[in-house]
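Below: a set of structures, written as structure tokens.
Here chain A shows up in two complexes: once beside chain B, once beside chain C.
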Partner chain A sequence: MTDTIWLRFDHVHYSYPAEEGQKAVPAVTDVSFDVHEGEFVCVLGHNGSGKSTIAKLSNAILIPDQGVVTAMEIDTSQESRELEIRQNVGVVMQNPDNQIVATIVEEDVAFGPENLALPQKEIRRRVDDALKAVDLYDMRFHEPHKLSGGQKQRVAIAGILAMEPHVIVLDEPTSMLDPKGRTEVLDYIHKLNRERGIAVVLITHYMDEAVQADTVYVMEKGRIVLRGTPEAVFAREDVLDSTGLELPECAALASALRQAGVPMPKSVLSPEALAEALAQVLPREVTP
Partner chain B sequence: MSVILETKGIVYRYGVGTPFELKALDDVHFAAEKGAMTAIIGHTGSGKSTLIQHFNALLQPEKGQVLLSGEDVNRDKETKRRARFRVGMCFQYPEYQLFESTVYRDICFGPKNMGLSEDEIRVRVEKAAGFTGLTKSMLEKSPFDLSGGERRRAAIAGVMAMAPEVLVMDEPAAGLDPKGRRDIFRLIENYRTSTGSTIIIVSHSMEDVAAFANRVCVMRGGRIVMEGTVDEVFSRYDELRQMRLTVPKITDVFHTLRARGFAVDTNVYTVEQARDAVLRALGKAGDAAC
Partner chain C sequence: MLKDITIGQFFPGDSIIHRLDARMKLIVTFAAIIEIFVCRNFYALALTVVYAVAAVLLSKIKLKVIFRGLRSILFIILFTSILQIFYNSKGDTLFEWWKIKITTGGLIAAAFMVIRIVTLILISSLLTYTTSPTTLTDAIERVLSPLKKLHVPVGTLAMMMTIALRFIPTLVDEVGKIMNAQKARGADLDTGSVIQRAKALIPIFVPLFVNSFRRAYELAFAMECRCYSDAEHRTRLKVMKLHARDFGYLGVDLLLLGGIIALNILFGKQI
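After this line comes the complex of A and B, so read on.
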């Protein structure tokens, strides 16, 4: 993580256009945050907290009513530079079935670069590279609708990768997947961040997906109510409680034990950390 | 407890006679106890959805029988029709099936098809709305003006309004945030205890299964490979791990600790059970009732 900022929200406000006779309800209110080069950011919030609006604002699908979003230093309100913005910041949506356009996996991945009017050879290179990055190269001739949910979501990610973006924004990419698909997709997202230096904005309501992020932002009613490292954010149970989010089970147990007078460190988030913390307090079996 | 719904050695294949033929159910013996919540777990493709579609005769087995209160649901047209009303189905993402102009009218759809009187229908709708926490003003709205969680509850109310003896739900909490999940499971549990209905639930969330189910049934490759109480099934930890089925994360931690030689129970599946187990091991009474 460096000081270079790849995506910036600067006092952003947004309301969806209201129907006639009704008042517009603000979806996002005064939101500011930066995504640095190579950073892994997690935006947490329950359904209706404004998370998805953040995704749509990040690459000019929506333009702020007030404030500015800049993607790789380009103001997203500059309509003439829309294509450039979307090359730099790619968005993966929740439902894999809503974002697959072709009938063959590799054609779907090629859709983006084809629209950039790149030379044939370059498209081939990018498609192969993207499919290899998510381990779907061997399935490149398959029909997307016959893949599992996790595989479909990986096709969607490959489609974004083929645009060679700096930032990938994922809007609840795992909420429609089974546990296996969920782990699979998360593993690839982390790998892309680690190995390719792609900055990730993971939007989710699963707090356990935020454990490994560099920075966590918690949203409630369109505002950011908490920000910081996962440890710092998860320690603020007072605020989290009111947002309808639930602590990851391991953290919830640590907290329950702390309340019962058992010493537990503040930073227990993962199963490994919980096992370690319990190992410090539990008695050894006398007869093994 | 008596059995209300059971399958006896049912077999079902998809795409018979094509290169894609797939045996989805292979000699399945399933039984649901009256008034209990039974959870069916297993990986995608293990046969869960195919199995539940047999419960109200949406699919007919090639071999074997589906018995509802001892009666073969596939005997004739009449038994099939009865099964559709006695066994209510709530598929994944049921809110996609909302279609009426108001929530009230949508919930009416099932009871209307049963040929009930207007008065009876009104009573049913109000009851179902009560169970699912839908307010009067929500009932007058278009389903499309509700939030995702409210739409889900409206769709569930539509099935509850038919007052089925057995309510089958495929991933009722899929895609909801953690609070939404808990709310859905609590309302189902409340519905079960107040009406005495039998609930069959398909779920991927072991945490929810551990917290709410009375019995658990594990499917793999079109067969039922384990069946029992939450305790009986989750205690077969190593076998579940081998099937690459997850157990609650907390349970994992306690098995790790046990393997490292700590004196702690491993039959813990929820945060409360885990807290009590630790307090017991530390010799603190706490509010641990054991």
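After this line comes the complex of A and C, so read on.
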């Protein structure tokens, strides 16, 4: 990983405007983190932990009350450079139905580049490229409402991809999908990160989606309470317990085994690691 | 009930009608609608019927779809024709009872009206069947673009239309889900008087409206994320170009107009 920072949160505070007669509740308090070139970052948190606010702060939809958000070295509070920021930091939301604008797949993907007032040939190139990246090129003339949830979310991702952003922020992109759609969408997110070097900020409450990330941030009540590699973060069960997040299945099993007195290493995140750990402790020869 | 709504739906295809330029289709369709009302006798009307049927056949849209679209306006057809029968008292009286009088003139007028409405629906629904809603709004935007000089926000209006069209299937789905949810809670939607049934719809529409506002909010956010700032300075993926076939289409329409005028003069006013 190089030193170029593509997205930076520097001591960011944000509260939503208070409704009449109510006190403003801080959504995000003193949040700092960096997203480096090509990094895969996962922000974990339960409902109301302020993680969706992170998405809106990252591309100038919201401007921090205190602190600074910098996207590709542009301060997001510079209103005149709003479009530049949004083109560089794309945000994909939870519900694919509410972010598809057009009635034909390719026309929806073209929405972003059209707004950037690009020449027609360039729009065509970007649309085709984005659709191929999520393997929907063959379905470019379909109507979005006839696609499956996973496919709709891929259309939404392609729509962001067509703006050729450096960073893609995904706000719970899988929470409305069935298990099949979930793996499908996650696979494409990882592929884009790997093959195109796009930095990804995956905001989620599924801990197992964080296993393959470079860096994990755990949020609770608007603050970052844990940060580090997935192995380091998942080893801190003491902190994780209070956030109400659930450990990935393999880690949960390893933790239960440990409590039952079976020696288990600290960071067991994948089925392979779990199998290896179990092989160490199980009797070698099984008698029928 | 909701599945019957086919007006405003698009059926992708590759027929000659599909490939015509949307702007030309829009203009010619409007012209044809006016032409239908110019007809003063059955001969001229027959010509528009031939035109409409030929267009339907060329579009290769399944006839089943066409009939389904007509079925949804059956009530309007019946209502207007009944009105014509009672209202028009020219010609020989065929039947008389109390204040109701049916005359040959009334029957002819009703038949004329029915044919006129059906042709009208055929021609106008063919426009939406063969043109994708986005292309259509695009065409409307371009046809109306001279109005931009008068500061009419044509682009914004077109964008609103696109979004409305985009959300029709989503909202129809949602109505179905809410109906089922309310039925599962014991709502009775199908029996009772008209007033009772109308009242039973309130728990359907309230959540629908609330959800629509939430959707609108999220959609606005998603559009902002995709750099939407104003609709008047966007470029387009699809460039519209007029081909020889588009002028051919216009030519056919002009021939139709000529034919109608000729037949109107030749046979005079029948209705």
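The rule is simple: the second predicted complex is superposed on the first by the 283 of 288 C-alpha atoms of A that agree within 3 Å, B and C clash if a C-alpha of one lies under 4 Å from a C-alpha of the other, contacts with A are read in each partner's own complex, and residues count from 1 in each chain.
Throughout what follows, a contact is a pair of C-beta atoms (placed from the backbone, for glycine too) under 8 Å apart; a residue touches a chain by one contact, two chains touch by 3 or more.
Given the structure is predicted, the values throughout are model-derived calculations rather than measurements.
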Which of chain B and chain C A:A275 touches, first, second, both or neither: first
Partner chain in contact with A:H46 - chain B first, chain C second, else both or neither: first
Contacts of A:K23 with chain B and chain C, given as first, second, both or neither: neither
First (chain B), second (chain C), both or neither touched by A:Q120: second
Contacts of A:V101 with chain B and chain C, given as first, second, both or neither: second
Complex contacts: residues of chain B adjacent to chain A: 43-44, 147-149, 174-180, 182, 204, 207, 244, 246, 248-250, 252-253, 256-257, 260-264, 271-272, 274-275, 278-279, 281-282, 284, 286
Residues of chain C defined as touching chain A within the complex: 10, 12, 132-134, 162-163, 165-166, 169-170, 173, 215, 218-219, 221-229, 233-239
Contacting residues of chain A [partner chain B, same complex]: 46-48, 94, 148-149, 175-176, 178-181, 205-207, 244-246, 248-250, 252-253, 256-257, 260-262, 271, 274-275, 278-279, 281-286, 288
In the complex, chain A residues that touch chain C: 56, 59, 61, 82-83, 86-87, 90-91, 93, 95, 97-104, 106-107, 110-120, 123-124, 127, 141, 143, 145, 156, 159-160, 163
